[in-house]
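This structure is in structure tokens; I'll ask about it shortly.
Chain nomenclature is as follows: A, B, C and D, assigned in order of appearance, with residue numbering initiated at 1 for each chain independently.
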Amino acid sequence: MNIVIVGASGYSGAELAKLISLHDSLNLVGMYVSENSLDKDKALASLYPELNGLVDGILSPLTQDALNVISQNADAVCLCTEHSVSVELAPKFLAMGKKVFDLSGGFRLSSNEDYENYYGFKHTSPELLEQAVYGLVEWQKEQIKNAQLVAVPGCYPTAALNALKPLKQAGLLTDDTVIINAVSGVTGAGRKANVATHFCEVSLKPYGLFNHRHGPEIEKYLGHKVLFTPHLGNFKRGILETIYVKVKPGTTAKQIAASYQVLADEPLIRLLGDAIPSIKGVENSPFVDIGWQLQGDQLIVISAIDNLLKGASGQALQCINLTLGLPAHTGFQGVKHG
Amino acid sequence: MNIVIVGASGYSGAELAKLISLHDSLNLVGMYVSENSLDKDKALASLYPELNGLVDGILSPLTQDALNVISQNADAVCLCTEHSVSVELAPKFLAMGKKVFDLSGGFRLSSNEDYENYYGFKHTSPELLEQAVYGLVEWQKEQIKNAQLVAVPGCYPTAALNALKPLKQAGLLTDDTVIINAVSGVTGAGRKANVATHFCEVSLKPYGLFNHRHGPEIEKYLGHKVLFTPHLGNFKRGILETIYVKVKPGTTAKQIAASYQVLADEPLIRLLGDAIPSIKGVENSPFVDIGWQLQGDQLIVISAIDNLLKGASGQALQCINLTLGLPAHTGFQGVKHG
Amino acid sequence: MNIVIVGASGYSGAELAKLISLHDSLNLVGMYVSENSLDKDKALASLYPELNGLVDGILSPLTQDALNVISQNADAVCLCTEHSVSVELAPKFLAMGKKVFDLSGGFRLSSNEDYENYYGFKHTSPELLEQAVYGLVEWQKEQIKNAQLVAVPGCYPTAALNALKPLKQAGLLTDDTVIINAVSGVTGAGRKANVATHFCEVSLKPYGLFNHRHGPEIEKYLGHKVLFTPHLGNFKRGILETIYVKVKPGTTAKQIAASYQVLADEPLIRLLGDAIPSIKGVENSPFVDIGWQLQGDQLIVISAIDNLLKGASGQALQCINLTLGLPAHTGFQGVKHG
Amino acid sequence: MNIVIVGASGYSGAELAKLISLHDSLNLVGMYVSENSLDKDKALASLYPELNGLVDGILSPLTQDALNVISQNADAVCLCTEHSVSVELAPKFLAMGKKVFDLSGGFRLSSNEDYENYYGFKHTSPELLEQAVYGLVEWQKEQIKNAQLVAVPGCYPTAALNALKPLKQAGLLTDDTVIINAVSGVTGAGRKANVATHFCEVSLKPYGLFNHRHGPEIEKYLGHKVLFTPHLGNFKRGILETIYVKVKPGTTAKQIAASYQVLADEPLIRLLGDAIPSIKGVENSPFVDIGWQLQGDQLIVISAIDNLLKGASGQALQCINLTLGLPAHTGFQGVKHG
């Protein structure tokens, strides 16, 4: 399968370029950046010296000529672009008959109204919102296999949904709002120069109180009300979510554990029981670590992922694998089936 | 006032030694460590090179002779010792007629039962628990002034109580459990060599779920049920607490702001309103930063302190100031009254 | 003395604002940024939350009106501006009769040629290069006292010169090039948003091989050839220099130690002998730490400073103190005379 | 090939366990720790949560029974043990007919005298010092292939020797001492609890001036005098060496570049020319990055590796590959031949 990455100069783009380059059944046939990018015509490895010798190739500008080339040589396009850019590009690539894997938030929510509220723009292809398949791999395998447009989930929602859907599905949640206290590494904020991500300015701090766009994304796919509070943490990669859940009175630890069995055979899910996940455990790894402890009807679930892998490019790769008929975890070195 | 520090080799001990050395009205007349300590007879500055030229003095072993010297030359003793060591030493120094400022948790809870449950030892001076004054400066000034034994509050409770007592006092809280998600820098774990605090092992991670001893301490002095979840963060100094509070239906933002006015004149409290505290804002500083945002009846309060200053030695110094009849913020460079 | 800071939004500007605010004999009567700055009209503490309650005041744009105000109310102007901006502004303030303390490199080198080679611009006031006094406090006290224009030394040169001038002066150096391997914290690169200072991009790495502008600055004031290689380190504040020196055959450890006695009474110099300086020892501190070890005729000298304090704003404050007739170390809390 | 790791709980042991587990032609048949270790009988993944799902297996105590098992089931033994433990164990495993790959310094130097001087113990098997093959892969392939005992090189020497041997071999060095300024991540100091590696104590700082044991190791295999000065850096993994070399007068940049061509086909060497290596470029990677710049007869070479991979376990794996007749870079995902 011939794949093209648009937006390959960013953190998730570069990570995806590496994953695809290391994958036996995939060819990376093009890496593109916007026509105005200062990075155009540079080797990806000149931006990411760690990729020297692992990923060859130049960041080409996405000109009309480039679109023509893609139209000829690619089977699928991965969009690692800004939300609004993805919204604009996806229909073009779909019209060429390409599979599109969008790592932005451009196709995750339900309505134009959501996009105005949470993304601040008018969605130009609202008709695709229904067609797009949400690429939450462990829960959507069949749908992803045949999707033409995959909305790869957000980093925070990936950690939250895998931690909460088992409980929801087992009917253990009360109506209370679930509280999700989340901390992300700085790669989550992108590679663009910005005082907020300056080495000397980064410091543990909440942001986006009450109105972060990943709140409604979680609610949509969980079917439950959440209060989601993200924080910027002073580390590079990883997300840790500490989730406060009220379970139905009388729920036992056994029932909680049983509910998580739905994920027990998933190669990229590590159920830790009452052991406690950490950023260290998931950094540079494709896994979701989930641990939990119960006291009375108060449950605390901890969920951790690498935001660039399971939270973005790793999950995109899983989706690509599924569309090829491969097991979702193909290409992650050393990962065995459950 | 002549002051002695016992346990001066640890992080809070060294910080306190610095604060006292820089204070115009205080003399640091002795620094002690346990008789078995590998640090005995060393200069404090040999452990803390940053104190070279600022704090003179040797870490003496706390022998019987040393106790005799203290009995003669000290007016007050600061205990920066393990909880159980403080419990053992405090009565001795009280019997000598010294003021005792205990930075451990040895005199913060109410009963022997609490100590068995949360500290794992039998309290040998339970009669002192009632006598000890809790040194939460902004709320206990009069009591501290005349106290013989001050239980300097824990780091996490200091951040939590200053954030929550105004709301409690204003009658804005519902009966719901308040959820406190807290992250502390690694100095909070002490200076002792330990794999858990190894540079390469530290990584954002919760610990002590449901049973950390600062939970009951907060509940005791707040008079409200809390769910307190501490995390170790990968930074050196500081505590950030993200606090989820249900306020009574109909509570307005104005009422919330009004409730915090009780702290408005406190020199070491910075009320940020809807601005958001961060670790960076309080690192190496004596302040408590408190910010909050309300949506419906869900309130989020963020509270941040430097765990070694306002969370330990800084607050101890405030207590010492009060017993001398000085304003509590004396000796903190640049701090002005409200 | 009424002081104005131009360029107060950067790291050294903000640090200087704090130092001046805490100083008993100085008034900070204005903080300015360029007319185009996005930070204009903001409170300094909105950029630096740690300064809340310590430094009041707004960052005003440096308009013509502002220049008129400065002309009326200031005795001295501190320039924390880009090199070329300093070169442009200094003559204006000198013409107003103000003392000028320039923290940029605009007046440190000798000739227009130097500026073209190392700074990449044509110096517009080369006549001031001779008039400017180099503010290396421990070595230039008398000159600084009466200076109208002080070129506050660069961060790297401050660490290097204090470490090497004693040896040079004692005649212990051979003609061999002195090798200076230097590592600076990221504040040294300024606060401006830049991919190179992005939290996720910073990583120990040399830069400016053979042509960093601090090389000729060191050589000018040392009178000796050096090979200076700076590195960016992954920490916020501090400079550590590991300096490889060939001393004359037969030089003894005693002679080395004796040469450093010239600095023994300097309050901001800490001579550590064969103990080894570290970044931790000088972070947030006004001191220079100097240690050394000799083997045969090979000497290694280690010099460490906080780049924003002794390496910039701290030394600027020392210079200001001298012009006021105060001891140079006035205003550094807890610092005693040698 | 069946492999056993002794000392598997440390950083290089765990890294090697991972590499072997991911390698198609190798079986990890045992992981051992000392009989007194607190980690015995624990799963390796309980110490290293990132290895969950990647490396199975328990840390067994190295009892006499264990030795009997190893004698039966292993083809090769990797020693990730303290120097003196390796010296004691290697002869036992050699006597069983096993290949031994020693990652300690126990067999790298030449004589008992060296061990007394630099390691502080009397070598109990000095006769093996001559037999041991130094596992500097790019320079010793043939010798390693048939070795029974491989002394896997130290981390610092690996970076230094690959940077310097090309120049030495091309005859470009003068007699001057080569100065190696080296900075290592904290994993280099091992996983043992120690105040020096406490999260809050680590800070850029030189150590071992003039007498670090890697100095003579470099000199032995380079055949040239060096002044080696290691530093502890505040990062987890990686070594960066800034090397100051005097080349013969008249040496051209072309000659320098030509000398490095001897490494051009080595899959794990990345020759960067005048681009500058960084820690970021090599972290978690098996490569050596080498860059250089020349001015007059002064050459600066920068060499960077991941201390646990190319500096320890990665190079051990290369040696194992060679003894199996495989290309040295087998098992490093994505690495292609030159």
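In this text, contacts are C-beta pairs under 8 Å (C-beta built on N, C-alpha and C of every residue); 3 or more make two chains touch, one makes a residue touch a chain.
In UniProt terms the chains read A, B, C, D = N-acetyl-gamma-glutamyl-phosphate reductase.
Computed from a predicted structure; not experimentally measured.
K.L.:
Hey, what chains does subunit B share as contacts with subunit C?
P.N.:
Common neighbours, subunit B/subunit C: A, D.
K.L.:
Looking at C-D, A-B or B-C, which pair matches A-D on over half of its contact pairs by residue number?
P.N.:
B-C
K.L.:
Report the chain whose mean Cα position is at the greatest distance from that of subunit D.
P.N.:
B
K.L.:
So the centre of each chain is just the mean of its C-alpha atoms; given that, what is the distance between subunit A and subunit B in Å?
P.N.:
For subunit A versus subunit B, the centre distance works out to 40 Å.
K.L.:
Find the geometric centre of each of subunit B and subunit D from their Cα atoms only, then give the gap between the two centres in Å, rounded to an integer.
P.N.:
45
K.L.:
What parts of subunit A, by residue number, touch at least two of the other chains?
P.N.:
As it turns out, subunit A has residues touching two or more other chains at 201, 234, 277-278, 280-281, 283.
K.L.:
Can you tell me, using the touch rule above, whether these chains form a line, ring, star, complete graph or other shape?
P.N.:
Its topology is that of a complete graph.
K.L.:
Over in the complex, which subunit D residues touch subunit B? Could you list them?
P.N.:
11, 185-187, 191-195, 197-202, 234, 236
K.L.:
Considering the complex alone, what residue numbers of subunit B touch subunit A?
P.N.:
177, 179, 181, 183, 201, 203-207, 209-210, 227, 229, 231, 233-235, 238, 240, 242, 244, 276-281, 283, 293, 295, 298, 300, 302
K.L.:
Sort out for me which residues of subunit A touch subunit D in the complex.
P.N.:
Where subunit A meets subunit D, its residues are 18, 21-22, 49-50, 52-54, 267, 270, 272, 275, 277-278, 280-285, 287, 289, 333-336.
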